[in-house]
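I've put the structures underneath this note.
Each of the next two complexes has chain A plus one other chain: chain B in the first, chain C in the second.
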Partner chain A sequence: MKRVLIVDDAATVRMYHRGILESGGFAVEEALNGIEALEKALEANYDLLLVDINMPRLDGFGFLKEMRRQEIPQPPAIMVSTEAAARDETAAYRAGANCYLVKPVRPSQLLAHARLMLGEAGR
Partner chain B sequence: MNPLLVQFLSESRDFSQDIGQKLLQMEDAPSDQGLINELFRLVHTLKGNSGLFTFPEMTRVLHAGEDLLGMVRDGRIAYSRELADRLLNAIDFVMELCADIESTERIDASRAKDAARMTESLRGLMPAVECEAPASARINAAAATAEEMPTLAELPGATREELLRHCRAGEALNWISYAPVHDCFFQGDDPFFCARQTPGLLWGGARPSEALPSLAELDTYRCVLEFHLVTSASREELDEHFRYVTEQVRIVAVNPQWLELTESNHADPHCIAGRSVIANAPAQTAPSSGAGEAWRERTAAINAIFAAQQQILMLDDHPDWRAGRIRAVGAVLVNLARSAGDQVAASEIQAALTECLSTGRNSLLLLWLETSKAHLIASLSGASAPLSTNPAATRSNGSEEAPPASEVGPAQSTPGDGIKFGRRAEDSSAGPRNLKVDQAKIDRLMNLIGELVVSKNALPYLAQRAETQFGVRELSREIKGEYSVINRIADEMQDAIMQVRMMTVSSIFQRFPRLVRDISRKLGKEVQLVLEDEQTEADKNIIESLADPLIHIVRNSLDHGLETPEIRRARGKPETGTLTIRAAQQADRVVIEIIDDGKGIDPAVIKQKAYEKGLIDESTLERIDDREAINLIFAAGLSTAAVISDLSGRGVGMDVVRSAVEKINGTVVIHSELGMGTTIRISLPLSMAVTQVMIVESDGQLFGIPMDNVVETVRVPKRELRKIKQSLAAVLRGRIVPLKSLNTMLGISATPLANSDDELAVLLVQAGGEILGLLVDGFRETIGLIQKPLSGFLSGLSAYSGSALMGDGSVLMILNIREIV
Partner chain C sequence: MALLRTKAVEGAVEKAVPPGAKTFPGAADCEELTAGLESSNATERRQAARDLMRCPNAGAALVSRLKREQDLAVRAAILTILIRLDDPAATAELADCLRSEDVALRNEAIEALRELAVAGDRSGAVPPVLACLLADPDPDVRIFAVNVMESVSHPDVERWLIEVIENDSQVNVCAASLELLCEIGTEAAVDPLVRVKTRFASNAFIQFAADLALKRIVESDSR
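Showing the complex of A and B:
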């Protein structure tokens, strides 16, 4: 089963994303901020990261940069943000995200992205 | 209620509280960048959460708050009291909305106005130019302002994007509001059909035009729906379509800017669906994801992901995490190829990636994308076709299966001077690793442990029976041995659960900054609040029952104790008064002191007032000293303030405080020095979970009496009883002690039994400072037990403070001495 790490400080958002991903047959784990996410990502190889931007301790940009510095397998990362601005999108790519979704993410949209980025065959 | 909504409400409450606190902290440290960042993040996250649901009122207010804080953070506007006030109001409003949602799962339509006002008040603090931005949508709106077309801003984001695409393609869109008259069904209209048949329909929504009555009262022949539609049809076509109901229809040409308006609320509604129906989370009301929609999402995702990888590869910066970034892109592309079942493409990507990593240039991967992207997109879009027929699979060299994405080899370029991961500065701000547990679970555990504590008490009985009844002394000893082990474990468990229930007083102290700030401002007083030793702990119940008395006292101090700046100056005191609230643990009690440096209490005034109100008589007036006089403020019905304000001063404050404190076995003492200030000291037990109780017997029944009330037990020979007037008394240790029979007090007709020496058992108890002898039939042991309050029908019995389960399964009633004496 493909494993997805949700990195978000808002429990509500985590629960929402978890519900969607689990309905798509993925195993989900959660981290509450960048530091915790990094700790987890170094422990285990996740197949996909779903990362919020604004978080305490270490934000999503900081987490992705640090993640991409590591000499470990690099899983794809989806960044989710409330801002639709192109400036933020570019910043996400610079930091190491592979795609950028604007909250609230539609269930079908998130599943479509996750399946493709995880290399799953058509529906 | 749907669990996501429950989670949302719980988190919102926590966040709101946090935001309130941080705002107050900001007042003392307006330039603390860390604090403002934190504040911004909290509001931002809360806004993001609310966006998952259709709560536009909440989202709108939070959005304005977020924008405002963003400006403070960026130094574009300065933090001010005014700003804090408005934000605090906004947060209060959000809390109210949460309460609405909690009770009805939706926000009442009447809130929209408040939300608009609140938003306006927040935006009002922004510089004029910034204000324009959100309002820009209105500039070109000749006929309709954004307020008049609420649904447009509330459209789901994806729908708005799609509509915007139509606009950009040069189509002129019209927005239609169709409010059928209530008796339209009797005029032969079919509004739903009519709305559905609107030419060029791109989006449609329906919602109740007024609050829906309950199902029982619903008149199905009365139309209370209102339709909102967006269409690409021309005005003429629409006029023609709605020609029979022209007066019920409003048509407005859509300005594309309205669609760009980034009010970030967009749930995921069904197309024709009432707003109240979709006021839940999209996850639960997920659109019937038909194959068409999933296919659209998939196609959109394919294009978006490819575009993003291309954009990443074209980035011209060279950070030290570039290699990792490229490897992630490689992983994505390999996975896309695998999604398409195209192993050849996967290995081509792998090769290009390796090349890119060694040269430090992305050109090869970019080149691959340019040449092969279209092919891959085509096979991905047709991926539902059997894989074997995929033309890509037949292409070229038939290499081994590409390694899974997560095994893309390690970077070949040097990792640079990247920080090695480890503990660092951010860690210091780590939140406590606490577990949030529902109170009910703790209570259940507590009850179970209570039962365990009691059940284990059955073992000594058993041991005794083994010995006396069955004559097996060996077994009896073994049971006793087991008992002592279980006893120790039970004690430790009890202690452990007590620790879990311990809370710091900070949970009530944290209300005070806001309270003091609001009240002192209302009264025109300058007050500095000092909170000391907030980390002092006590049992949750104690802490909770402390909250109300403390608020009373603080209000009193602010209202009656501390003077206005003018008076303070005249008296040679600093203009700012100080109110200190201090907690401390002393032995097994927690002591809270509320100290103000205000005008103090004038004993003469109190005496006079008490006399006027008939609380004391003339002789008492002469006799009592200042200390006693001051303590008169705890008497019911005494108010000394010249003017009764709306804050306190109705004379119900202090006696309520005393009874509340005494109810949990606490004491309250006041000390005041005229002109210097007042100190009120509340002393409470650390825990009220375990009560030491003495068991007495009367008329064959057992009763428990809290040890706090028990002074001593004595045996009094019957002949030494004295009858003074109507009541019994005895001389004990040189003083006359009135005696009462417990039976009489409980309405039991039996007379107290004497023992073989013709002595009566007398339990000396104290209640309210007086000592009284209770005549009972006999004394039993003293035990520690967990008292349960009487519930239901029995809760009206004031003579008992609670009940407890005994080791033999019987129920022990615990007397409330203060009430029965």
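Showing the complex of A and C:
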């Protein structure tokens, strides 16, 4: 079972994304901010990251950059944000994201992108 | 050099008054400290920020520097002093940082506004600033305003959130409000929650969050 780490400070969003991913057969863990996510990424290997941008303590960009700086192997990362502005999309790819989705994400959209990132498109 | 001057000012003030007494440097000293914020040396800028704690009108200068400051330690010092100063003008300026393209600065501003609210917001500046931000034309700014509300214990918070889910046309602003209503919503939110579900009938997240809020309200009522 593929493991996904959801990094988001909003409990409702984490619950929503968890429900979608679990229904798609993924095992899900959660982190409330970039610092907590870094700690989890040091302890375990994840197949996919689902990362919010705006979070307290360490935002999504900072988290991905810090992973790189600490040379923690980074799995594919989907960045999600409420900001549809192109400025953040560009910054997300620069920070190391592989995909950028605008909230609120549709269940089918999230599952399709998660599978695509894992090379499982079409399942 | 600026650091030496800063320390000299601090020393002079400390010698002139008994320990524990509230002291304010003169206008000229505050001007000198403000100038220290522009030093090319990060340690001097941080020291100047700390010393400006004793200059009640320093908020605008501190926020101005914050918007350009790249050194994390100086940014942290400025934010700490801004929270302690609790200056209404500075709070409004801080709220302006929510429009920044710098994600870190935006998040720092959100955190500082939350901390101001938690720390008591003695000046009472946070709620009116938030009410104003909720009417901002930029939906992202409205979302950040809702994010700050999480820490604001003001009697109107639920009413503001209800107004958002009743009237805001942007789905993500409503989504942010729903997240908070899941935590603080009361019976007053029930009908608006039902209506927002109808308004965004095809949006899965709105359905999920509104149902969750309704469930929690019913559960808390039955306790």
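Keep this in mind: the second predicted complex is superposed on the first by the 121 of 123 C-alpha atoms of A that agree within 3 Å, B and C clash if a C-alpha of one lies under 4 Å from a C-alpha of the other, contacts with A are read in each partner's own complex, and residues count from 1 in each chain.
The rule is simple: a contact is a pair of C-beta atoms (placed from the backbone, for glycine too) under 8 Å apart; a residue touches a chain by one contact, two chains touch by 3 or more.
Computed from a prediction, not measured in an experiment: that's the story for all the values here.
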Chain B versus chain C as contact partner of A:115, first or second or both or neither: first
First, second, both or neither for A:98, with chain B first and chain C second: first
Chain B versus chain C as contact partner of A:88, first or second or both or neither: second
Touched partner set for A:69, first chain B, second chain C, both or neither: first
Chain B versus chain C as contact partner of A:28, first or second or both or neither: neither
Touching partner for A:61 - first (chain B), second (chain C), both, neither: second
First, second, both or neither for A:42, with chain B first and chain C second: first
Partner chain(s) touched by A:7 [first = chain B, second = chain C, both, neither]: neither
First (chain B), second (chain C), both or neither touched by A:107: both
Chain B and chain C footprints on chain A, overlapping residues: 10-13, 15-16, 19, 54-56, 82, 103-104, 106-107
Residues of chain B defined as touching chain A within the complex: 3-4, 7-8, 10-11, 38, 41, 44-45, 47-49, 51-52, 156-158, 262, 264, 266-268, 281-283, 286-287, 289, 293-294, 297-298, 300-302, 304-305, 308-309, 311-312, 315, 317, 319-325, 327-332, 334-339, 341, 380, 383-384, 387, 404-408, 410-411, 415-416, 418-419, 421, 426-427, 429-431
Residue ranges of chain A in contact with chain B within the complex: 9-13, 15-16, 19-20, 35, 38, 42, 45, 47, 54-58, 65-77, 82, 84, 90, 93-94, 96, 98-100, 102-104, 106-109, 111-113, 115-123
Footprint of chain C on chain A - complex, ascending: 10-13, 15-16, 19, 53-56, 59-62, 82-83, 85, 87-88, 91, 103-107
For the chain C and chain A complex, residues of the former touching the latter: 101, 103-104, 106-107, 110-111, 139-140, 143-144, 147, 171-172, 175-176, 178-179, 182, 203-206, 208-209, 212
